[in-house]
Amino acid sequence: MKRHLPVILLCAVLTAGLFTPLVTGASSPGFWVEVLLGGLMAGVLYSLVALGLVLIFKASGVFNFAQGAMVLFAALAVARLSEKMPMWAAVLIAIGIMVLFAVVVERLVLRPLVNQEPIALLMATLGVSYFLDGFGQTLWGGDIYKIEFGISKDPVMILESLFQGGILVNKDDMAAALVAIALVALLALFFQKTATGRALRAVADDHQAAQSIGIPLNRIWVIVWSVAGIVALVAGMVWGGKLGVQFSLAEVALKALPVVILGGFESVPGAIIGGLIIGVGEKMAEVFFGPVLVKTFDLAGGGIENWFAYVLALAFLLVRPEGLFGERRIDRV
Amino acid sequence: MAIDILTLDTFPKLLAHHAQVRGRLPAIREKHLGVWQTWDWARLAAEVRALAGGLASQGLKRGDHLAIVGDNRPRLYAAMCAAQCLGAIPVPLYQDAVAAEMAFPIQNADIGFAVAEDQEQVDKLLEILPQCPMLKRIFYDDPRGLRNYAQDALMSYENLQEAGRAFEAQNPGAFDAEVAACKGDDPAAMFFTSGTTGHPKGVVLTNTALIDRAQAAATMEGLGDSDVVLAYLPPAWIGQNIFSYAQPFVTGYCICCPESGETVINDMREIGPTYYFAPPRVLEALLTTVSIRMEDAGALKRSMYAYFMDVARRVGARILDGKPVGAADRLLYAIGDVLVYGPLRNVLGMSRVRVAYTAGEAIGPDLFVFYRSIGINLKQLYGSTETSVFVCIQPNGQVKSDTVGPAVPGVELMFTPQRELLIRSPGLFKEYYKNPEATAQAKDAEGWFHTGDAGYFDADGHVKIIDRVKDVGRLSDATLFAPKYIENKLKFFPYVKEAVAFGDGRDRVCVFINYDMEAVGNWAEKRNLPYAGYTDLASRPEVYELIRECVEKVNADLAQDPELTHSQIYRFLVLHKELDADDGELTRTRKVRRGHIAEKYQPLIDALYGGQKTIHVEAQVKYEDGRTGMISADVAISDAKTFSVADGRKAA
Amino acid sequence: MFYRENGQFKATYRADEQMLPILQDRVFMFAVVAFAFLAMPFLATDYLFLSILIPFLILTLAAIGLNLLVGYCGQISIGHAAFMGVGAYAAYNLVLRLPQLNFLVVLVLAGLIAAAVGMLFGIPSLRIKGLYLAVATLAAQFFIDWMFARVKWFTNYASSGSVSTVPIELFGWKVQSPSDKYLFLLAVLVVFTLVAKNLVRGHLGRAWMATRDMDVAAEVIGIRPVYAKLTAFGVSSFYCGMAGALYGFVYLGSWEPAAFNLTLSLKLLFMIIIGGMGSILGAYFGAAFITVLPILLNQIPLWLGLSLSTATASHLESMIFGALIVAFLILEPHGLAKLWSIGKEKLRLWPFPH
Amino acid sequence: MSGPGTPGDVLLEVEGVSLSFGGVTAINDISFDVREHEVRAIIGPNGAGKSSMLNVINGVYHPQQGRIRFAGETFTDMDPHRAAKMGISRTFQNIALFKGMSVLDNMMAGRNLRMTSGIFAQALRLGGAEREEIRHREAVERIIDFLEIQAHRKTPVGRLPYGLQKRVDLGRALAMEPRLLLLDEPMAGMNLEEKQDMCRFILDVNDEFGTTIVLIEHDMGVVMDISDRVVVLDYGRKIGDGVPDQVRSSQAVIDAYLGVTH
């Protein structure tokens, strides 16, 4: 109980922060909900990327810094391919590419570096991400590209009855959210129901055990990286569709790091909830807390969302290093 | 640098001299606690003084003997000199001797005092205390593990020196009086020669003898106080002691004691001695490791090495001797010196070596030439304990692999009709302690020392030794049989560690062979030929093939010498165990004790001459930890091709 | 091959523990330094100074700093450019607000301020390790970036958000010409290389390495993790702080907040991976590599006569970096420095292979 | 009179210590004492809680119950740094040497507590700092000499064979000049010869420096010969305590050992 107190406090502060704008009347309920939805929207995307991270970490103990690069790469692939062919074909090919990528990574990076200390692996994925950024942009070009789903971007009014002025949401946002949620559900199923899924969980818990029940680690890695690749692909498409496919995607995807810190490295639900918390948190902070900061400290503009996620994660680290859903371990001598 | 050895006629006086004229120069270094701790001459003198006082206080008197048991340690050398200051005689004993072997010298020289290096040596002395009641006091250098030893015979080095200072305080001037009282012809030290047969004999050497010879050699080589020597051989062997005690005391150069047995090679690299002595087996071992390590090198490096070693073999020695060599070859050699010889000298720790001696046994021409060709001035030396070592030295520029050079100034040489070498020299020993008849045998009325070595003068008046006189026998057809000569020829092959030849009074020659575990083991691995150990490998036909080649090369060689052509080897066998000093088969200086071996392995000899193809043997072996065990094996016997004089020429 | 070590024995611990125990090494090192100080200023062109040597010297200083933390103490940081930034802005404001201050003082103060900030962001390292710490430092990176971009005071209310500096003057010596700048930087670097070397061979350095290699054991023999880690963060940020100040004043002259962003942090990380974790020399190699490679990538196509757009060049660059990182981590985790020392060993044992 | 080697009055007292990890009980209400200068063994089958006991003594683990008296001070839970300061040092079962460092540096690290020169002095290697380094180098060299590892002084520990690594581990512990030396399975995984060496060293340490030694082993053999008194643990409980012969003959102990296989 004593251990949990700080966490509870922190959460309390966050929730408080969440509702103050309403209570203080700093914002109209409608606007507040809009922001909230926007936050959730972004959050879902963070969760997606974070999901990729968690999958890989669970299975291979590697913290995949390259997840962002994968998102960008996949998005670029789809964007450029869809210029020459129907979307579905482009997506299929892109999936193929991501699987291929998984195979290559397992061969050239994971296998040689097996049971190195995590730092080395982290740096390796750093290298991979650099390579992928460069490669992707040499291959597909470095400009800004569009992904068209043929869903109209025009906003619609909803819930006018509830809030006067109603709430503005974009159809494609909705669609994206739905896709994302669907994918999450799918993955959950995959992990709980399918044999491979269970195998993966086994690996996560104990490599020896996994091998003893007759699963070649290498194949598992390939599968996991492929899945992560596909997740990245979806994230990339949704995101790319929203703000266009460009290099900044990779940077945005970095936000998945604080997300997993928050949720715990090895927890799928953690990744999802963490993503939502961060998404909502930084939006709210940006919109409602930012201006206050700017006013009080006379800043040149807000842009809190650049660091909010990280600092939040840092705060969590200090009070609960294992993350919301991670289990803590004692290191033996 | 020459000093007046008439006034400075004892080691204590020499010490005082150096303490005065070069007190700040290093006398002894020892790698201890990771760095080379250094005593300069003044410090050494002080140590000795305190020590002498201590020994005196403990009752050591003029004419008494002080046993010194241990490795090369500054404090033990100090103890040697301390004893001499009191007119007592230090008796260095082999530190690797087992307790039983120590009993005899102590009884023979009724030694009452001993300075031991450490617990190991102390334990040995305590073990034989019952047989040696005369042994009253044991002083130890390293107290480790001795804290709880109750025996009141024991005393630590520190306490001894304490006692010494106290003694000095009570009887001032006593020390100087004692030192002054010592004269040149007083005994300076006694060395026990582990004779190839019977009990060891205590060789008594006077101050004059040692100092005169040390001086003569030093003058000849121009040694000075800037020279450096690494003391790494047993100090109880005159072959070490003369270089690490007598000569430094004469010339004032610095000796260095390695940190531990395993670090000798490394310590040698660090120190880089300028003056070096090594018996052939040490040089051999070095060369073997060199070739083995080179075999692991890449093809390019190997061929480079091969090429330049070839150049060296061609011209290296000549350049060293200052003989004329073509400009092209000089250039090649210079390049080789940068690429191979220089680095090689560096890794061997011989970059700074000005003079290097080898002695103790015959050295293989290839081995000898190797060192000279890479620019190390290795020379042969002839001498023995009885002659204070320096009898013959090869002067710079007149070095050959098969002679030991002409007499050192001051020495007279002569050969008896039986080809025995006789020596008369100021360096001759005083006597065999308590052994007048042996003394009389060895040193005749005119003061000639009978070396027991057989040989002759070659064309340039260099002495050539072929064997021990007593071993030089005759085959049944009355032709000359020089076993040592044959054995050496065999041992010159890297694969052969030891060989024992038989044939005296028989119709033909047969040999036992010990192969070299390191060389042959490596050879076996290269052919990925699995083996369990020495005995296992010894029984392999492949190994027999390998050895046979060596034997037949020797035969081809012998065939050329009309005198020895009948001594060609007809049959041989590879012994199932390595000959070992602990089993009494070798002397402490690793000379084969042929007689002893002949008795011990009679069945094998019979089998050799009986024409059997194999014979079963069981033998007792002593292990490192002193336990003994039995090994049994089937030893194969193999024939070797022999040559007529004619095809001997062809083959060679 | 060139080593002749016979006779180079050590009679005192002082001699045994000197920085370069082998004579030949001392000679070589002396020659190199002499060349750098005496010959280089006359040989090098302005281009060489401005686009290679000067950035190289500064980045080396920063890389040494980062290496002290990552390579010696085993605490990863992906945010070290931020501390360079702190140093740069600190120096800017010091010069701006206390003009009479000697620049050397400014430099050290800038370092100290960076050290303070570094230790602040190092605090999480007491509770968390590895990946978690990486994120913590990432937080530092983004927060500090943001701070300099937004808090006007730091940039002296410059509308553009970018700041520009005055040329340095030291005791009347105007450090302005490329070669002057080079000499100044070289001097600073040499001094602080020695300092770093001393630190890592002292007991502090051993405490760092012990913490890196086996933190539990380190604690059991009485090394305080708190102390080891925070000092590592402090010293490391001190170096980066100074490097940042020099980067701003000597190399850039004027810069905007983006100058010290994540990309630079990662570059520093790559330098020590490629150069060699846990090796001061490695910092030099890494910095040299990272400064020269892009230039080569721009030049080589020209030499080959085919033209490469700057974009493609930079993409190629990051590809090659990425590949190299992985390659080094797999083939030689201790980087170029290790290769160097292997080569040295081979020369010492020449003609033997080992 | 308690000179080196002869057991004296109580140095360490463990009273009713219990330790559990998330419900799993590792140690269950254990009490025993260790006298000055004695060699005290804790034996027991694998998983009997021996290592946990050590980790409690030098504060790596914190027991839920019980207390520890060391040199007259009482602790409910020790912490490693304090333990080290008070003169408790230890070796590790699966050698926990600093891989990246030389033998010398590993052992020098053992002196860290005693080295006081400030960061500035070290940075400039001012006289004081250097003299301190040299002073401690000398102390460490004596231990290197004592353990006969002169030949490996500057070798990275990673390159040493297992047996030597164990020796260096001991050396690092000795470098702290401890009052109480905890040895965690010092002979685990050694061949007979190495075991004999290790025994010799342990006895010599006890003998030369009068260090009090607590050592853990799972096989009785070697330990019985070198220890003055033995505690036997089984499944976290104490099932025997006394001089080797008593323990050897105790029924409970025999049963426990028949139960396990080696």
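Per-chain residue numbering starts at 1, and chain names A, B, C and D are given in the order in which the chains are listed.
Rule of thumb we're sticking to: contacts are C-beta pairs under 8 Å (C-beta built on N, C-alpha and C of every residue); 3 or more make two chains touch, one makes a residue touch a chain.
Fair warning: this is a prediction, and the values are worked out from it, not measured in the lab.
Under the contact definition stated at the top, the chains bordering both chain B and chain C are D.
Counting C-beta pairs in contact, the chain pair with the highest total is A-C. One finds 48 Å separating the Cα centroids of chain A and chain D. Distance from the chain A centre to the chain B centre is 78 Å, each centre being the mean of its Cα atoms.
Distance from the chain A centre to the chain C centre is 33 Å, each centre being the mean of its Cα atoms. Note: centroid distance chain B to chain D, computed from Cα atoms, is 46 Å. Of all residues in chain D, those that touch two or more other chains are 60, 92, 96, 137-138. Annotation for chain A: residues 333 touch two or more other chains. For chain C, the set of residues that touch two or more other chains comprises 13, 216, 220.
Against chain C, the residues of chain D that register as touching in their complex are 58, 60, 80-81, 83-85, 89-90, 92, 96-101, 105, 108-113, 115, 117, 119, 122-125, 129-130, 133-134, 137-138, 172-173, 176.
Chain C makes touch with chain B in their complex at residues 1, 3-13, 15-16, 349-354.
In the complex of the two chains, the chain D residues touching chain B come out as 4-5, 137-138, 141-142, 144-146, 148, 150-151, 153, 204, 207-208.
Chain B meets chain C in the complex at residues 29, 31, 34-38, 228, 256, 269-272, 290, 293-294, 296-298, 301, 304-305, 338-340, 342-347, 349-352. Here chain B touches chain D in the complex through residues 32-34, 144-145, 147-148, 259-260, 262-263, 266, going by the rule given at the top.
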